[in-house]
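Common to both upcoming complexes is subunit A, partnered first by subunit B, then by subunit C.
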Partner chain A sequence: MSATLESEVRTRRGVTTSLHRTELVLAAVAVLGFTALAVTTQGNILQAGTLRAVLQFLAVPIVIGLAQMVVLAVGQMNLSVGVLTGLCAMVSASLMSDTGLPPWLAIPAGLAVGALVGLANGVLVVLTRINGFIVTLATMSVVSGLRYGINGTGTYQDYSPGLVALGRADVLGLPVVFLAAIATAVAVWVFFARSVAGRMLLASGGNPFAARLSGISNDRSLVVAHTLSGLLAGVAGVLVVALAGSVNASVGDDLLLPSFAAPIIGGVALTGGVVSVLGTCLAAFIVRLVDVAQAQYGINPRWVDLVVGAVVLGAVLVSQRRGRGSS
Partner chain B sequence: MRVVCTQLVKLFPGVRALDGVDLDLRPGTVHALLGENGAGKSTLIKVLTGVHKADGGTVLVGEGDDEPDRPVVFSGPSDAQTAGIGVVHQERNLVPAFSVAENIALQALPSRAGLVDRAGVREIARRCLAMLDLDLDLDRPVAELSVAHMQLVEIAKALATDSQVLLLDEPTASLTAEEADRLYDVVRRLREQGHVVVLVTHKLEEVFAIADVVTVLRDGRSVAGSVPLSSLTRSDVVDLMVGRAHTERELQAREVDRSTTPALELRGVSTSVGHRDVDLAVHRGEIVGLYGLVGAGRSELVRALLGLDSVTGGSVLVDGRSVTIRSVGDALRRHRIGYVTENRKEEGVFLTQTVTRNVAVTVWDRLARLGLVAERRERDLLATYQERLGIRLSGPTQLAGQLSGGNQQKISLAKWLAADCSVLVIDEPTVGIDVRTKAAFHELIVQLSEQGLAILLISSDLPEMVALADRVAVMHERRLTGEVENSHDYAAMSGRIIRLVHGEQAADAPPAA
Partner chain C sequence: MKETREVDVQAETEPRKETEVDASDTRRRVRRRGVEEPPPGASPTPRLPWWANPRVGLVVVIAALVALFSSARPAFLDVDLTLVPLQRDISVFVVVGLAQLAVLSLGHMNLAVGRMAALSAFAAGLAYDRFDAPLVVGLVVALVVGAAIGAVAGAIITATGVNSFVVTLALDFGLLGVVALLYDRFAGGVAFSTRPPGMDELRSDTFFDYCIGPVCGPPVPLLLPFALVALVLVGLFFGRSRNGREVLMTGASLRAARLSGIPVGRRVVTAHALSGLLAGLAGFMLAMTNGAFSASIGDSFLLPSFLAPVLGGTLLAGGAVSALGTALGATLTSVIQKGLNLLQFEADALQIFIGVVLLVALSLDRVRQVLAERRGVRA
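Let's turn to the complex of A and B:
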């Protein structure tokens, strides 16, 4: 009995105390990578326009990474985050283009769709007791279909010049969408660090039985986590709408890997109970740098997926080693 | 608060787990709950804490020491908590990544506008730890605490909901003698404050050391309901538990021939998990005990030896030949070293597989013809060991998970015997096993050594160590601090071993490296 407990505790200890170390390492890698890119491109990346683009297109990866992190916190996965982002974007755009709704109604509607699908995921997981991986694999398929149901393969554009202008605007030299992503990250951080609901969610993820004996409903934690994940996918969808200026049903197809890459590289435990908002954001930035490097050097884009995939595997390996090695 | 249970009944499919249990918990007492495995202790605790709902009987709760008059029905753990009944389970139930303070306050996190009130959390934790006279760093993640400290945090956690009745399930199972003493101090303190502490345990020494009242369960009935302990002797209690006169078998000191080459020898071994300069030899026919505090690194040494971690220095000799063991399979097939693990449920047996497969798993490659394992051969193998070890089974297709703890442990042992091992490492063989099975197990281990097996016994149960081992090596912080020849005189032996445990030199110096 106690040997496995001890080994489990050792693993967790490795995870918790190394979290700050992970964040430090990621920060160092981010700074080094950015500097290296700046130097090798003769400062091209430092030009205002390039820098803006780097940060603008960092917004969605951060939020989608957080959407995945929230379910990883309870030891689950959400395979539907990518396509759900697409669905939310399509719903918002359709309401503005087809129904003529103003953005201040269409955006909450997009967020609501995300939260509702997330809620459905959570309720299905709790009611059926089927693993979240399988449930969200199924809903991924359903949501993907719904995405195409809205407007076929057609593209929405010119839905709201005001919203798009806002999406491309700057405040204090920083893109608005990037600031929105950072604000979202801060909100998620407050949720996990300070809110009762967030602490309960982490308790359920860290030790479900202990949580139950402390009067915490693990089912509730699962539903909250999935709903929040869906809501964050909705936020990502809205950011896409504001940023892109035109959306079609293929939005979100390439978001599943990034959604896992950010939290996993960021040091979030796959077993649940440990999250790192800062790590997730930094990891999203590093992945973004890989993208930038690809564009700057004219590398075949397929290499990016390969590199990111390999880094994710590596990150999981490193965190396992660390868990085993520390004592 | 006083709690009186009358004629509690709990039915499971095919079993009357509780069949008329009476219990009277009075404030300011330490109440021992005794019984062999399967007697119904765990079920009773689960009923009292709202995990299970009783199928019959009543639970009455009253203020102070008055005759209770308020009937209660718990439909979930939180109901029991609200009523003032707290529990510390055998398994640690803390959230590893959370701080000490937050774990203590988790059941009712103080909050303001949906945000956790951190000052409030620390205030609760400080108050509860003060009741226990404990000084722990409130902000430390519990994952960094020792097992003993985690347990104290759980007690503090139970106090946070103002528990007047505190159930401790096998609290000292993974504690050393000194840590257990510390826990007893805490228990006494709680008694002085007017709490009821219910102690579920297998250790009679413990019961006689701190309990005032005892309830003994047998086959789901209370055969002694809330009897003052002062009116009973130790053997009375054992009789009540087993239901027949029971004599503890005394094992005599044995002569072991140590002139031969040791079956297993470590010379100056260091490991990747921090062991340094470990010298240890086990001869054929000998039982060498490896004693130490929980966390001293005993199991870890064996795991490194078997290739689960790595040996980084010194040499390992099997029958005098220097060897490198890369994996458990290597240890088993090339060097005939078997490892009976401590956690039979997690590591020792495959709970969802039949007993036949469990026994044969180590020797499938030997039983197989053309890559296929014939079921008949497996059954023959099982039959051999079923008789030799006295394993009680309903049939060869019974699932290992359906067996009692003692029989599971025997299956785990049979598996290694089947592999024809010449060296057996047995880790905590009788944790959580009842008195009667324990004695049988001890005899079995001695028999095995008499048949020529070299046995390295890891145990945190000092009486067990003194009963079984021919020699006891003591480990402290991943080094061996000494070795004691066993005189089988408990008082003398325990004194010498305990001194070594705390890093002092024994009267007889350890053999030169």
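Let's turn to the complex of A and C:
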């Protein structure tokens, strides 16, 4: 028994060091990629306008990646994360346009919708004991329908000039939406690193049996993780509203696969128990760099999907190899 | 590192599994004493009473929905307007569901099922467009390409030990780009315009159009036999063939299968190749239904591919499959879709309805199972 405990402790340490190394490698790749882009485009990417666009459109991928990461932490998946972002964006835009609510009420309402749907996901998973993949597959269908139910295929625009101006503003040369995404990431990091609830989540994800023996309610962890995931999807939705200036029901259609790509490249295990906020953010940045490179070089945008696929697989292979080598 | 993890997971799941086995054992003993002997062949899973079988529930629900829809809109029973297109939809989605079923048997997933269909359909389209291939050759090309790309996925999973979810996710990204690039390069756009001889017949004819003397066939589209053959072959593969049983054993317990001398790696490749082959068939059939080989084939396959097997009672955990259940699951979703269409529901209401049906069906399943287990234990 003590031998297995010891090996368990060693494994934990191995996982942590391998995660740190993954983050280091990702940071190196990010810096190298950015430098290479800057050099080959004759510094075009360093100009204020380009740089701002790069960071502005990094905000949503970071938050959506975190939304997926939170449920991966307990060994679950959330397939509804993309369409939920769309629903939250539509709800807050509709409240501002149709109901005339001020942004400071519409934004919390959008966040609340996200958290509520997440809560529903979590409660369904716990009550029915159906696999979270299937539950969120079903709620994905439902949420997608609700998203179109708000305004059909119509578009909301001119809902709040003030909010959109804020969404496109800069503070100290950095876009506000990007800073909001970073603040969200820091909050998620604090949650997992410092708060009791966050540690319990990781314990449930890493070894549910041991967690139960230590008096942790795995059911509660599942509900908390899904609620938090929904809330983060809501944050992503609000960021879209603030940044885009016009939203329609197709928001979120192309977010599901990227939501998995960021945490997986970032070294988060699908089995649960391991998270990496920094890795997820760096991975989102690298994927964004691929996008930027496509735009800068005028490459067929279809190559982006191909490259992202290769990066996902390559990143997992590298971390797997290293994990095997270190243990 | 991986080994310890596996042990952990098993330590966690084992207690629950043990109680389940206990319960079913008691039940079997009870039955053998002759308290309640079910008629032979009434249910494929003899461990649970017949009313706990999800297939029976599906048949009841489908019958009820058909009755409801046809009483609300008599047009639901119109042969040309509803029944023939409905059968065409069902045929395609049965094959899509079987493609997912093939890897669910391992406890794996194939997120690239739609894109594999798209690549296969592209290959068939290319064969027709560039080489004037006859209809059958295109079908064979689609099947071979699908099986090959599936085998590649399986080989990557086996060689690297990476989760099937991640591998097929990456493959989906990759193929999304590849398919679009290929259509750009070879079709000069998003679709092939060539139609091989026989395609129009396969698309729009039913057996009713073919008569021997005064006797004509039933109003069944020519595509339906493709799905039937696939269904029967997949059922036989998992139920009767040695390879199929070995795939299921691998899905039930990787370690036990390896210790019993099953070539686990090769079975993983087999299952994924089968999944790719069926995805290729689905892509070909959808291209026939649509009347064009286009890059958008397979875009809408992912959700139905999981719906059909899961509604039919196949678990994500692996080790057990139901081909018949998959067919019923595909039928249910297609019937709901057609019926709500006729009742002039919007597309968004339809999606909500399908999601709710999935949740309710699975929850009822759970309730039934718990009830059945309790009854078994008490008796």
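We take it that the second predicted complex is superposed on the first by the 313 of 327 C-alpha atoms of A that agree within 3 Å, B and C clash if a C-alpha of one lies under 4 Å from a C-alpha of the other, contacts with A are read in each partner's own complex, and residues count from 1 in each chain.
Simple rule for what comes next: contacts are C-beta pairs under 8 Å (C-beta built on N, C-alpha and C of every residue); 3 or more make two chains touch, one makes a residue touch a chain.
No experiment lies behind these values; they were computed from the predicted model shown.
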Touching partner for A:Val304 - first (subunit B), second (subunit C), both, neither: second
More subunit A residues in contact [subunit B versus subunit C]: C
Partner chain in contact with A:Gln42 - subunit B first, subunit C second, else both or neither: neither
Touching partner for A:Phe209 - first (subunit B), second (subunit C), both, neither: both
First, second, both or neither for A:Val135, with subunit B first and subunit C second: second
Which of subunit B and subunit C A:Val312 touches, first, second, both or neither: second
Residues of subunit A that lie at the interface with subunit B and also at the interface with subunit C: 4, 8, 15, 207, 209-210, 327
Subunit A to subunit B touching residues, read off their complex: 1-6, 8-9, 12-13, 15-17, 190, 194-197, 199-200, 202-203, 206-207, 209-216, 273-274, 327
Interface residues, subunit A side, partner subunit C - complex: 4, 7-8, 11, 14-15, 124, 128-131, 133-135, 137-149, 152, 207-210, 257, 260-261, 264, 270-271, 300, 302-310, 312-313, 316-317, 320, 323-324, 326-327
Subunit C residues within the subunit A interface of the complex: 1-2, 4-5, 7-9, 11-12, 109, 156, 160-163, 165-167, 169-178, 180-181, 184, 303, 306-307, 310, 315-317, 346-356, 358-359, 362-363, 366
Touch list for subunit B against partner subunit A, complex: 77-78, 81, 87, 89-98, 102, 106-109, 111, 114-116, 118, 141, 143-144, 147, 157, 173-174, 273-274, 294-295, 299, 341-343, 345-347, 427, 431-432
